[in-house]
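The structure follows.
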Amino acid sequence: MSAYTYFFRDDYSEGCHSNILRALEENALTQQIGYGNDDYTLEARAAIAKLMPAHNADIHFVSGGTQANLVVTAAALKPYQSVISAQTGHINGHEAGAIEATGHRVEIIDTEDGLVTVDQLEPLIAQLGNANSTQPGMVYISNTTELGTVYNKATLSSLSVFCRAQGWYLFLDGARLPAALTAPCNDLTLADIAALTDAFYIGGTKNGGLFGEALVIVHPDLQTGFGYHLKQRGALLAKGRTLGLQFRELFRDNLIFKLASHANATAQTMARGIEQLGYSFLVPPCTNQLFPILPKRIIDGLSEKYLFHTWHQIDEDHAAIRLVTSWATPDAISTQFIADLANLGTEV
Amino acid sequence: MSAYTYFFRDDYSEGCHSNILRALEENALTQQIGYGNDDYTLEARAAIAKLMPAHNADIHFVSGGTQANLVVTAAALKPYQSVISAQTGHINGHEAGAIEATGHRVEIIDTEDGLVTVDQLEPLIAQLGNANSTQPGMVYISNTTELGTVYNKATLSSLSVFCRAQGWYLFLDGARLPAALTAPCNDLTLADIAALTDAFYIGGTKNGGLFGEALVIVHPDLQTGFGYHLKQRGALLAKGRTLGLQFRELFRDNLIFKLASHANATAQTMARGIEQLGYSFLVPPCTNQLFPILPKRIIDGLSEKYLFHTWHQIDEDHAAIRLVTSWATPDAISTQFIADLANLGTEV
Amino acid sequence: MSAYTYFFRDDYSEGCHSNILRALEENALTQQIGYGNDDYTLEARAAIAKLMPAHNADIHFVSGGTQANLVVTAAALKPYQSVISAQTGHINGHEAGAIEATGHRVEIIDTEDGLVTVDQLEPLIAQLGNANSTQPGMVYISNTTELGTVYNKATLSSLSVFCRAQGWYLFLDGARLPAALTAPCNDLTLADIAALTDAFYIGGTKNGGLFGEALVIVHPDLQTGFGYHLKQRGALLAKGRTLGLQFRELFRDNLIFKLASHANATAQTMARGIEQLGYSFLVPPCTNQLFPILPKRIIDGLSEKYLFHTWHQIDEDHAAIRLVTSWATPDAISTQFIADLANLGTEV
Amino acid sequence: MSAYTYFFRDDYSEGCHSNILRALEENALTQQIGYGNDDYTLEARAAIAKLMPAHNADIHFVSGGTQANLVVTAAALKPYQSVISAQTGHINGHEAGAIEATGHRVEIIDTEDGLVTVDQLEPLIAQLGNANSTQPGMVYISNTTELGTVYNKATLSSLSVFCRAQGWYLFLDGARLPAALTAPCNDLTLADIAALTDAFYIGGTKNGGLFGEALVIVHPDLQTGFGYHLKQRGALLAKGRTLGLQFRELFRDNLIFKLASHANATAQTMARGIEQLGYSFLVPPCTNQLFPILPKRIIDGLSEKYLFHTWHQIDEDHAAIRLVTSWATPDAISTQFIADLANLGTEV
């Protein structure tokens, strides 16, 4: 039994949605072929494909995000090619060197808000053809970003046009893609994502599943031999049915998007409460991650009841904390959090 | 709905045991810390540690066997070291080059029955110190082997003594270790395994779990930094709770061994039936894998109702097939299989 | 000063041919651009290209054979692909895991005489499309082989046709290619080699150079980005001129082939002498490596004056030794060796 | 015949010193054992060891700097460890991903002058123990740096103390170490370098050799198995004698340091001339690399007679160029360059 009232630490602190458990129970004794050739995986693939009607994507299910990132990178790049990432990108410094362990360099670009833009990529063209330099081969972005910000259609389209002109793959880490696509500030659809990127994934881990990510391989060149890459990196589950069944349920009646909408709506309610108490944010709140800037005394007070990360030191007396809501966050909790924050008093 | 009466193809065709589903349901909304620091993982570790009272092993949970094999190899070996495996070993030719992708050579030794012995390892000493040759650094074995055979205490002890004398790690792939330890021909305990090897794992995938393996790191040098290796290879689940909870249930009241005993007993019943019909086996049946040698006409007949692998051509008219029973194989099915085999008539 | 009369240990025991030293002296103070863009390298490339008039090959110079083998493998294969080699092949077990360190498996085929044939490759087709198996992507051969045997045009042509049908690269290790192409048993030209393989190299180390190999990349897909692979593996010399000048001299007036002819002729003279004394060979002598089978007493006697490898135990009393002649072996030495062998008496 | 009066592009534009050629000629037909076991290599090792009397270092000779860097990194680090380098370091962005291809991340720190200091390293301690982050395992520095600056004894000592406290290796890239140790601003000896670092190399390529670097492995843990690492990365020359003989000559009577002194003195003469014409430098001139800041009109004028790199844009009208002198730069050339620079007139 936890000493905390609630964890706002991340969106994977709970188990999974009841629909998934029900499906697991109903099919527990049904025999299925292994390695992703089971009926549930086929049904999950079909459900996802229906959301991208114009695309012949291959869909694979893997157990986690770092795994998805390293398999795609290993499959996409020639040995001398690098992957470009924002400084804040998950593959840069948050995966214990998983990308480098496949032999590839992560080229870093600085961003304010976690979003990569064409302006930031253009300087990298200078190193093309330089025999002493790695050659960019892929751009890695995440949506939502690590800061909870989202790509709009214009930005993603121009990135896509630029990458295609360079012959670079565009890969989107969608661990929180459902939160992005259901955000009030969003103007993209899953079909747009499939049209504008070469590969992306849709997170189950952070959106109500027991674990797992749905990896969508759009570019035909990346599809070739992808199964071997999965197997070689230990990313192909013998019991693929466990992943297939989860994603079948998550995509039945748009469940995954409903769950993300709940997380977003809860966060927005909290954001309004925080603003009304006079606090500002490190980045404008839009999805299920909030980065309010609070006095350290208040942060200490909140820490007694809530679990969360202190994200960034602002000055000697202030820091931005990260609050993450999930598919399972009760409304009563968000209300209580704002009340507790109010009770901790104002800054002076 | 499958056209087959039953799959004897492998022991991971079903979902999972009901105790696991019940636990997942009970804890679905309980919040837990991520990355294997949840309560369930701690409880699972404690339950496994209790079976090896004399050992200070570190226990980690990973999603699959290839992943376990590649992480241990990457952690154990220096770049110029190789891992030794039987020709039939899973890491040799069944993992799409997963070991080589970590930079290491698999040195192959031929075996009749899948078991590695000191006699077979001794010739490798000749390449020690040869600057042009990789240097052995680890011996990989599996128990049960790919042929369903098991190590006895004498053989494993002499392997252990030999490896320690050479300074080579001894790593045991235990995807089917519960079947081995509950086999009638077995004289080893889990505590023996911990005493005689440097690392091993206990499979959940093939023993009633949704997925996952419990990796036991015995040697202190292998324990250092092992968490980084897991993260770097994409083997650390954010929702470690999903693995922890499964293994807590599998090791509660020896469930995992009871499930393996059922699989073994079912296979032994079938083996006796097959023998009574006059057929012999590629290797003596002992665990939940049977390799009867049958006429091709009979194999064709069985194939209409049952799904299984044809394993090895014996001669123009005969082949050994592989029949695998599982924790979930109903008794009625094994009885029916023998009846169907009898009905297909005798060889002439 | 060595205690031995002569080393028959290998063909790289001496320094280098005087033409190379003269050229190094003449150009010692001439400034040149680095990294293989110097005039000498251009001239060396042109000289080699003239011997393969129908081919648009790219030519690079690297410092050694293992380096050539690992760069070509890294450039040619996708992560899940393997390279096929004869058991006796240099990349299999003689390079301390250099190929595996680039992430690739070496698939071994057994040969009697070191030559790879289509018959031996055909069984590997079975593992194509098997998701658990590495996929062959390149065949590695050497000419001469490690046993001094050579490919004839018919065998190499059928290998080439087979590999192209499979979409596998064919790579020829030519550390001793000059010896092969000038052997009495040879019917291939350098132009044939360029027509039938996708990449190969011509050894300078074993043919009168200070060091270095001329790497010829024939297949256009392998040419793309090859310079980056060289740099990434530490195979691009800043002072490329040192390699360029050597190969310019080695290919001026066919010097490299004249040197190889001398080595071959010396070996053939010795072979006839050995045969006349009643001894046989492990493989029929054809190039500058001889493998006579001798009584151990005789081997011991020879060992007092000559340095050579004992290659293979034949029986309790006999072994095959390896005698290697070089571009620099004096005629007087080969005559003396036969006289010494005769003086050691006959077997009984 | 070059259209330029002189190349100030680098210090490896010429062939090699006449003493080396004389030695190669004298020993051309002497037979020696391969793979670095020849007499010349033994003599070269002894000559270098004499300069570090208190240390039991292992000394190996390799063909180039990138090769030295990647072999040491592969030998020193565990898979999850990273190497720290200045942004300007050669391993960061100048080696086509050679370090990453061995599986390791390069952690970058910003420096003004190319020198790494303890202050800059301290923030990296924060990521120790963070399971999501690579763990630093080695610090890479170069002396001279890429900007021609040199470490003094105080700075290198404090780096050494800090690294040992952390358990991180300290590796010094000495492609231009002779220039550093003979610079007027230097207070270090080769014996100091051996006392304060764990591994370093002394460049032959940039100091009058045909090619090659002398790699000194000081730390006993790095010495173990180092020969296998060399072989595995293609860095072990069969004709090790070619490297051994060069370094024997370079270390006979301090030749390598005399050559470096000449390059330094020539550069200092030019630096004084440039200063007297009123120009300043990007970094204070100390060794054989000068970075004068010149108006673009003047740079264009110089470009017609001299080959050099434009290094860094200062503003719209000015850039810093890089002028490198070598062991072979004639005094007449440095005099002429200053005269030509004067003739191009003053800035206005």
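Residue numbering begins at 1 within each chain, and the chains themselves are lettered A, B, C and D in the order written.
Note that a residue touches a chain if its C-beta (ideal position, glycine included) is under 8 Å from a C-beta of that chain, and two chains touch if they have at least 3 such contacts.
Because the structure is predicted, anything quoted here is derived from the model rather than measured.
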Within the chain touch network, how many edges lie on the shortest path between subunit B and subunit D?
1
Check A-B against B-C and say which one is joined by more contacting C-beta pairs.
A-B
Return the distance between the CA-based centres of subunit B and subunit C, expressed in whole Å.
43
Inter-chain centre distance, subunit A versus subunit B - centres from mean C-alpha coordinates, in Å:
34
List, in ascending order, every residue of subunit B touching at least 2 other chains.
79-80, 95-97, 101-103, 131-132, 134, 228, 231-232, 236
Subunit B-facing residues of subunit D, complex:
35, 74-75, 78-80, 102-103, 131-132, 134-135, 225, 227-229, 231-232, 236
Could you please specify the touching residues of subunit D with respect to subunit C in the complex?
2, 6-7, 9-10, 12-18, 21, 24-25, 27-34, 63-71, 74, 95-98, 101, 205-206, 210-211, 228, 231-239, 241-242, 328
Inside the complex, what are the residues of subunit D that reach subunit A?
79-80, 82, 93-97, 100-106, 127, 131-134
